[in-house]
Each structure stands twice: as structure tokens, then as C-alpha cells.
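Okay, so chain A shows up in both of these, paired with chain B first and chain C after.
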Partner chain A sequence: MRVGRRAPLGNEAAVAVLFLAPALIALVLFRIVPTGYAVVESVRLKGEFVGLDNYRFLLDSDSFRRSLTTTLVFGAVLNPAQIGLALALAVLLIQRLPGARLWRTLVFLPVAVPLLVSALVWGIAFRPDDGIFNAVLAVVGVAKQPFLTSPDQALPSIMLLASWAGVGYWMIFLIAGLQDIPPEYAEAAAVDGAGWWRTFRQITLPLLRRPLAFVLVADTVANFLLFAPVQVLTRGGPREATNLLMFEVYRQAYTFGDLALASAEVVVVVVVMVAVVFVQFRLLRSDG
Partner chain B sequence: MSRIQSQEPSKLIRYAVLTPLAMLVAALFVLPLLWMLASAVRPPRDILRYLSPLSLRVIVPTDYSTESFRALLDGPFPRAVANSLIVSGVTVVAGLVVCSMAAFGLSVLRFRLRGVLFAVVVVSFLVPFDAIAIPLASLFRTWNLQNSYAGLVLPGIGNGLAIFLLRQFFLGIPWELREAALVDGASWWRIFWSIYLRLSGPALVSAGLILFVFQWQAYLWPLLIVSNQRLDVASVALAKYLGQFDFDFGQLFAGAVIVAIIPMLILLPLQRFFAPSIARAGIKD
Partner chain C sequence: MPGGVVVLLLLGLSAAGLRPASAQDATVNLSFVGPEQPSAMEPVIAAFEAANPTITVTYESVPFDQLNDILQTRLGSGDATPDVYTADQPRIPALVSRGFLLDITADVGDVGSTVLPSSIEASTVEGKLYALPVSTSTQLLYYNTDLLRKAGLTPPSLDPEQRVTWEQIATDATTAQDAGAKWGVMFDQVSRVYQILPLPESLGGGNGVAADDELTPAITNDAWIKAADFYGQLFADELAPRGIAPEQTPDLFANGEVAYFVGGPWWMSKFADTAGLAFGVAAHPYFEGGEPVTPTGAWSWGINPQTEHQEEALKFIQFATLDEQGALETAKGIAIPPANNAALETYLAQDVFTAENVIGVSDLIRFELENTAVIRPRTVGFIQFEDIVGKALEDIRNGADATTTLESASEELEAAWARLER
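And then the complex of A and B:
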């Protein structure tokens, strides 16, 4: 019965190579080669091998250290906030409410808008003198805020716009996860007399771990690489307050034209990102 | 959705508390878009008019005007939108061919290195594109791909997520179909084309949307690889517009509406293909 199967196996490997070749070439050329290229360029200076000099220079540079800290703080505040909000929205909008589908679609709508467009629109809304946010604040009697023009408020303002643009996306994953939980679990908890909060904490959340892990990792990566709002609205300022890593790399490569340092920064970006993602996976896997 | 009676909030809570809350939340998400739309379709001189004192007319235009759109359409912007459509369209078609072929190789064909090759796909998918866009742009310049449609399209074609999703779908197609076709003497290409692709409509729509969204949202890459204004995509053209010394609010809003509404028109009717399939691909093994 299985005799017929053995014959084409060698043949299948050759066929598989042909089918896979275009995608593998694309992935290797456009993902793996540039990563390797960045590593090679990062240990060279004007064509000569300089070991880790570029990295040492970066670690001594205030501007890079500040950018790294800003990016890590940005993620540490924003990731939990966005995921908490997305989870709350998912739990709310999964209830059988009149118009539930419509409310869900409206929350999802900003996801369809390119981040750059969201940044432009919010940028105009944030304008201190003729922006709509200060007009709204005036109605409730709050003084004018500087938003993007102040070193203290610029980063939180970008967090706000990034959350508006992104939370609906993460919500969709969590809704899908909630819908996958068999109702028998909640049923059993109800029979045991558990209230909503206890059921949520002890049954729903643990069963939601996989989608939560995915959202945590994907959201972390997205926020770590945030670029468009910074480039178009604040150019890293005021006083470097919004100089997130991706913009720092861009500035290093294109404004300062230092490709060696920019390459070293790319390597740091990739390494930090992979490390953070790895730790998150480990944490989510081991506990419980 | 499948919540049982005893766990469901009472009718009173659902109607009196949760529904207004859901409406409020939805309003917060949709208001900036309404403001953008209202500002684009009113006479440009009125855009800042209802801010102080703030009136509802900020989001509900009473005078309509197409002035902003007409002014915008006179400039280089229509060409930029056309560039975006071309780049996204070519990426979807070419990307679907490349990704579905790869998915077929990783799910239907059996060979020794399959696990290793699948790992290569997963790893390259873990390196987000934007992180390596800057070194890749240097390479593209040495390969003479800057300022070309090819340069804009190529990085979008091999999409790890699309491959992943199509592979999952192909794995669900009964193995017997493959065996029966082999007995009938069908070629591999024929099995791929007339059995697997024909049965994979929904997965192809999902993968196509992923490829489209990747290109339509792209900003960093087109910014790096194009310096010739004739090849600017819509988002870059819009960003440059903001950078001009005396930009016009109306035209900026009109451009924002155009760049935002095209993906909405494509995504909203196809939402059921987009979100859940990505969600499941991300969640399950």
C-alpha cells in the first residue's frame, strides 16, 4: 500500500526546491543578507576592521544612551497600557450588546489608516494654538497644553496617538482568543459559585495566555520600531525627548551620514529586540 | 460570544451600562476620523473657524466644498496615489504567487530539509522589516534598485506571515486529493494550481490583504529608497506636504482622507478574512 509513496520522495525534494526558491531567495536577500551586512559594516570604519570600536563609541555617546533609554521607557509604559486597554475593549465588545458589531468595527477603523496619516492628523490636532485638543480642553476649563512642543508632553502625546492607531488591532486578536474558549469552563466556574472577576482571573486569563503572548510580543516589536510619527512630527525633539531608536538610526545614517555607527545601531536594535521578545516568551511560558 | 446565561451580565447592566460605554469608546476612536473628513470637505477658510468657542460644527460641516480636493488633485498627489496603487497591486499579485508556492513546498511536498527550510522562513519572519530597512537600502543602492518600482515592490513580496497562513490552510486540505491526482499522473504544478489554489480562496484573500496592508502602510522604506519625486508613494508625498513652509490644512486633510479611505474600502468588506485568520495564525502553532 505504501510502495507507491516511496518512489517520488527524491523527486519531491527537487520539486520542493523549485517551489520554495523564489520565497527563500527573497527572504534571504531582503531579510538575512541586510542583517549580516549591518553586522559587517558595524565592525568597520572607512573600510578597515576596527573590532568593537563603533559599539564602544555608541555606548559612550550620551545621545545614543538617551535614545536607548527613551525607547525602553516608551515600551515599558506603552506595551502594558495598550494590552490592558485592548483586553478591556475585547471583553466589553464581545458581550451581546445592541450594535456590538458596529462598535467593534468603529474601534477597528483607525487600524486601516496608515500610521503616517494618523500621525499627520493628530499632529494638527495637537497644535498648541489652533489645535482641536486645546479647544476641547478650553471647554472644560483646562489651560492650554504644549503637547508635542514640550519635552515633557511630546512622548506621552505620541503614545496617545500610537494607542489610538493600534489598540483596535490588538483587540481583534484577543476577541478571537476569547471566542476560542469553550463555554464549559465558565459554566463549571458558575456552578462552583465563582463571580465574574474570579472567573475572569482564574479561568479566562490563563486560557487566554497564547493570544496574550502573541499580542505582547508583536506589540513590543511594533512600539520598539515606531518611526513615522517621530520623523514627521517631532524629528526626535524637543530636546531629544522623542528620539526613539529607529529615528536615531535614520538620523545617524541620513542626517549625519555615518553608516558605520548607523550599522552598529541597527545591530543593537535587532539584538535588544530579540532579547526582549525572547524574555517575554520565556516568562509567559514558565509561569503557571 | 458563546457565553452561558449565568455568566452573562444581566440585561439591565448590558443595556444601561455596557452599551453606553461601548458607544462612548467607539465614538472616541471614530471622532478624529470624522474631524479629518469634515475638515476635508468644507471650505478651507472654515477649518479653524469652529474651534473657539468649540461647536459641534467642527465635525459636522454645514457648508460643503470640494475646493481642497480640487487643489490637491492639481498637484503631484494623484500620481503618488497611482504609485501606491501600482506598488501595492503588483506586490499582492507577485507576493501571492511566491508565497503560495512556498507554502505548497512546505506543506504538501515531503522532503528531508523541510523542517530546516520552515525554520528559515520563521526566523526571517521574526526579523521585522523596518529594523533592517536602513542597511537594506544601502544594499539596494549598490544593486542599482533605488528610484524604481522594482525597488519599492521587491521587499514586500516574500512575506513570512502570508506563507505561514497559506501553509496552515494547505495542511488542512485532505491528503487524498494529492494522492489521487498523482495516481492520475497530474504534474506538481497542476496539483498546486488546480487543486490547492482552487480550494484556498479565503486563505488567498487573507494573504492578499496582508501583502496589501504591508505596502499601503509602508513609509520608512519608500522614504529611504526613492529620491525622485515622480516615484513618491502617497504617504511620502503627504508627509513632504506637511514639511512645506506654507502648507494648506484643507489639502492636507483631503490627502489624508484619500490615503485612509482606500484601505478602509478594501479592508472593511473583507474584515472577516483579515482579522481572524491573522489572529489564528498568530495564536495557533
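And then the complex of A and C:
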């Protein structure tokens, strides 16, 4: 019996490794190795070891510091907003309302559009003189807005676009999480006289912690690495207002061909991102 | 947890390269990358393949704004393809310094009488030829005849000796707008260095790079600031629209929304084919008291030093540029004037250049190419220059102060160029 039990266990482990292997190999090949490569490149210049020179150059660069700040502000505003909106939509669209399925599909639909295409379409909609947004604003009597051509409105405009494209995606995970919560809890709470808000805060939210943690971390990373709309619509401008880090990295690497500096920037991006995500994980864990 | 986090963290940090399989059969397949539509390259490729049955050419079109980045990615990783690619002439020194272009001096020999000498110069670095010029360029002032008539304006002159001033254009654009034109004036390649450089140049501000050092910017002198102010003011006064990308500007003119449009001769066919559009052509404007200056420079085709088909690649670019018929087939597709002397004559004799509304434009184009054309700065730092100055111009277009914007662009340029000197 004992031998009989051990054998399948060993088999199970082997099978598990086999199933995981493609993902693990891809992980090492496409994620770990390039990151290691970036670290190595970041301490070299034109084939020679230069220590932390590239990092020193970055620290001295106003443009890079501004890009870092812009990216952090972008994330700090956008992540809570997107998750709050995704959660609100999930809670709303899980109700047995007429047409709920249709609404869910409509909210999810932008996810199916490649971000590049969305960016092009939004770019036309944002055009100050003949874009649809200003046409709609004119109908309700609001003056013409500059949108992407203004350093004050360009970043919020990109946020709007990114949310349109992303909220439906995060909503789906939260809907799945909400549906996993057994209805008995809410029923029991109702019997005890708890109102909707109290049930939501004390039962739904705690039980939704795992999918919320995933969405928070994944959304943070996705927004950190947002690139396509910036490249297509603003190329970092106006006045560097939308110069997010991933675009800055791209610009150094592929426009200027400065792979050493771009690698140093990538390393900084990874370090900052790890720090942010680490804090998020700690916060969500101590909660429970 | 850590494994999962790492997956998420590194999401999207790697770039996967696409590597087309090389042909195994007897025919050689050349890979060719450029910014033109695939249909534009069909004539020259078909003619070349007909003349060389053992060689096929596969053309890959990439957007103009991404061409440089894509080439950097592929050539920088040592890829053997593309075998042939289009090199923007002012970028050639930078491409050469990165080892991205094959020295073809010995293979080509003296071609100074076959193609325009200025375009050979633009493809040469330190006495060595690295690419063959396919095209040349100039800019014209198009005007909408109906909009001008409505405003009671006399069309500007096609005679280069009588060319209109920028000051006059700004005044007349206002008049045209008051009489119903949606926009007074617009630039084809709005906010791009190519298009805007003639403004400071006309005021004697130079090409943006110090005369004695190719890695020192010179974009903060009075002429540059005055030119940039003028440029920004056209948009601040709403004579010209903000938020429209260069790809979309010719359509504004074609739609009859713009009174004056500064654009290349390659739009002639498009405008001539647009029903309901009555237009004429005049000489490129200059600043009062300044020099008449027009932009020039265009495409050369070069060879990837890592190519496995050097001989065939050479044959292809020679056919497209040095062979009159080949050069004509190329020009047929891309509509940009060919750099090949004989083909240029045939190009300028086309119906669109001899139509009643543009009589004399062929002579004007020849005059500008010979007398007023000024190439963009020849510096290994041109890519940084084009990116940073282009962004500054776009910021000025969107309302940023010309002086401070040019000053900070100059600082950014110095920092970027300092990287090249290390």
C-alpha cells in the first residue's frame, strides 16, 4: 500500500513538471535571460565595462527623472481608478439585470481590439478641431479642449484611453471572483440584518481578496509598461508630459540606438516595479 | 508567489524578432524594407525580376515614423535581413557610424553624371559611397484657387524671382480664412525638421548644428527663435490646425479646407485627381529680407553589411537608381522626383506637371534643386537632432514658448550627443 501510494505521487510530480516545462522554459528564455542581459549591458558602453556610469548619467538626466515621476504619477492615479471602476462594473453587471450579458460583452469588447488600433481611433477622436469628443462637448456647451496637444490634458487623455481598453479585462477577473463567493454568506448576513454596503465591505471584499490582489498587481505592471498609445499618439510629448518610462526606454534603444542606456533604464524600471509590487503584496497579505 | 510575480514583472520586457526563412531553391530572394506602400514598389520590383529571372524581391512596408526604429532593431541585432533598405539621406552618417551600411564605392564606380551630384554627396561619408540615391525632393507652395478667389487674393507667383514672403502668406492666410477658408495655411510634414528647417535657414539662422563641430547644437540664435515664434504663431492664431499628424495634412488640402499648403511635388497627382479641387502652384516662401531656401534630400537605398546576397542586392539598387528605366519604374511608384538625371527629365514631363494650372512647375522644381535647396545637417547625431528638434517644433506648434523650448531642446541635444562622444 505504501509503495503503491508513493509511485503515483512520483508520477504526479513528473507529470506536473512536464506540464509546467513549456511555461518555465519560456519564462527563463524570454523573461529571465533578457533581464540578465539587460543588467550586463547596463554596466557596459561600446563593449567596455564602465561600472555604474550609465546609471550615473541617468541620475543626472532631468529628462529621465521627469519620466520616472510621470510614470509613478500615472500609476498612482490610474491603478486605483481602474480597479475601482472594474470592481464597480463587476458588482453592477453580476446583478440579474435585463441585458446584463450584453453590457458585460460591451464593456469587455475593447479588450479584443489591439491597443495600437484603439490608439489610432482615439487619436482621431481627440483631434481638437474635428474630433468627436469636442463635437460632443460643443453640444453640451463646453468649450473646445486641446486634449493630446496640451501638456496638462495629454496624460489624462492617455489614462482615459488606457482605461477604456483595460477596465473590461480586469472586470472579468473580478466577476469570476464574485461568482466564486457562495451566496449563503450574503443570505446569512441578510438574515442577521446587514445592509448591502455592510455585506459588501465585510463579506464580499474580504472574500474577493485573492482576485483583487491579482488584478492590482497585474494592472500595476500593465500600466507601468504601457507603451503603444504613447508611441502612436504623443511620442512622449507635449513637453514630455506623456514620456512614460517604457517609451523612454524604447526611444533610447531603438531611436537613438543607445542600448547601454536603455538597459540601465530597464533595470531601473524593474527595480521600481518590484518595489511597488512588493509593497502591494505585503499590504494585501497583512490584511488577511 | 515569487514565480508568479516574476512572470508578471517581466511581462513585455522581451522583444521577439521575426526572421523570415531564407529561400532554399536556386533563385535568390532579396528582402527589402522601406516606408512606401507595397503597391508603390511593385513597378520597380516587377521590372527588376523580369530582367533578372533568378532573383526575387520581397518588399516589406513599415510606417515612416517607425522605419528608423525598426532598422535599428533588426540591423542592431546583426540580422542578415533586410538585404536592402531605404536610408533617409541625412541619417546616412549615423547609419554608417553604427556599421549598418555596406561600403559600395569600389562596386559602383563614378556615377556623378548619371545621378544628381548633390544626392551622391548625401550618400557619401568620408569619401566613401554607402548607398545609391533613388530620389530627390523639393517643396512647393500649393494654393486653393477657389478659396483665394473668394477672398479676392492674387495667387502667389510661380516665378522664383517673384516668390512670396512668409509675412505675406500669414496676412493672406488671415484674409482667406475671413472669407471662408477653414484653415489659412498648413505644412505637409508639419513639425518635422525637413519641412521647418528652411524657416530659420531663410533668416540666416543656420541648419541647427554649429559650423565647426557636428556635435554642437545651434538652435538658440535669434533667427531660430524668430522662425520658431513665427511657426508657433500660425497655430496660436488658428491659421493652421493643431493635433493633425503629417500623414493627414494632404487630405485637408485635398478636401478644400486649406488656402495655402506647403508640400512636395509628389502630391501633384493626388490633388489633380481630386474632383472639385482647383489648385495652383507657386514658389516656396521666404522671409522678407532673408534668403530663399528650400528643403531637399530624399531616399537612398543601401545594403545591409550582414547580407548573404551582396551581389544580387547590389544589382537591385543599381537597377533602381542608375538604370534609367529602373529609376523611372521606381519614380512611377513612389511619385518622388528621381535622382537619376535622365529619369528626372521624363518625370518632369509627365502630364500632371504640364497641366494648365501648373505650367512652369517643372522649371521651378529644377530651379529650386539647383539654386535654393539646402540639405539637412550632416552629422552622426542627426537621429537625435531630428527627434529632439522635431519634438520641440511640435511643442511650439502646441503653444509652448519658442525661446525656452529651443533652449531646453538644445540642452537635451547636448546631453544626447555627449553620449555619442564617449
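Things to note:
Going forward, the second predicted complex is superposed on the first by the 260 of 288 C-alpha atoms of A that agree within 3 Å, B and C clash if a C-alpha of one lies under 4 Å from a C-alpha of the other, contacts with A are read in each partner's own complex, and residues count from 1 in each chain.
FYI, a residue touches a chain if its C-beta (ideal position, glycine included) is under 8 Å from a C-beta of that chain, and two chains touch if they have at least 3 such contacts.
Predicted, not measured: the structure shown is a model, and the values here were computed from it.
Shared-chain residue A:P229: touches no atom of chain B or chain C. In the superposed model, A:V139 lies in contact with chain B only, and not with chain C. Legend: residue contacts after superposition of the two complexes on their common chain; A:G168 is shown touching chain B, with no touch to chain C. In the superposition on chain A, A:V266 makes contact with both chain B and chain C.
Residue contacts after overlaying the shared chain place A:Y250 against chain B and chain C alike.
Ranking chain B and chain C by residues of chain A touched puts B first. Judged by the touch definition given at the top, the superposed model places A:L102 against chain B, while chain C stays out of reach.
When the shared chain is aligned, no partner comes close enough to touch A:G75: not chain B, not chain C. When the two structures are aligned on the shared chain, A:R31 is found in touch with chain B and with chain C.
Note: residues 27, 30-32, 34-35, 38, 123, 218, 221, 225, 227, 246, 250, 253-254, 259, 266, 270, 273-274, 277 of chain A belong to the chain B contact set and to the chain C contact set alike, using the contact criterion stated above. Those residues of chain A whose C-beta lies close enough to touch chain C in the complex are 27, 30-32, 34-35, 38, 45-46, 57, 61, 63, 123, 126-129, 131, 146-151, 217-218, 221-222, 225, 227, 235-239, 246, 250-251, 253-259, 261, 266, 270, 273-274, 277, 281. Interface of chain B with chain A (complex): residues 1-4, 6-9, 14-15, 18-19, 21-23, 25-27, 29-30, 32-33, 35-36, 48, 51-54, 58, 97-99, 101-102, 104-106, 109-114, 117, 120-121, 124, 126-132, 134-136, 138-139, 154-155, 157-158, 160, 163, 182-183, 188, 192, 216-217, 219-220, 223-224, 235, 238-239, 242-243, 249, 252-253, 256, 259-260, 263-264, 267-268, 271, 275-276, 278-280, 282-284. Listing the residues of chain A that touch chain B in their complex gives 4, 8-9, 12-13, 15-17, 19-20, 22-28, 30-35, 37-38, 41, 89, 92-100, 102-103, 105-110, 112-118, 120-125, 130, 132, 135-136, 138-139, 164, 168, 172-173, 175-177, 179-180, 182-183, 186-187, 189-190, 196, 199, 210-211, 214, 218, 221, 225, 227-228, 231-232, 246, 249-250, 253-254, 259, 262-263, 266, 269-270, 273-274, 277. Of all residues in chain C, those touching chain A in their complex are 1, 3, 5-14, 16, 68-70, 72-73, 76, 94, 98, 241-245, 383-384, 387, 391, 394-395, 397-400, 405, 412, 415-416, 419, 422.
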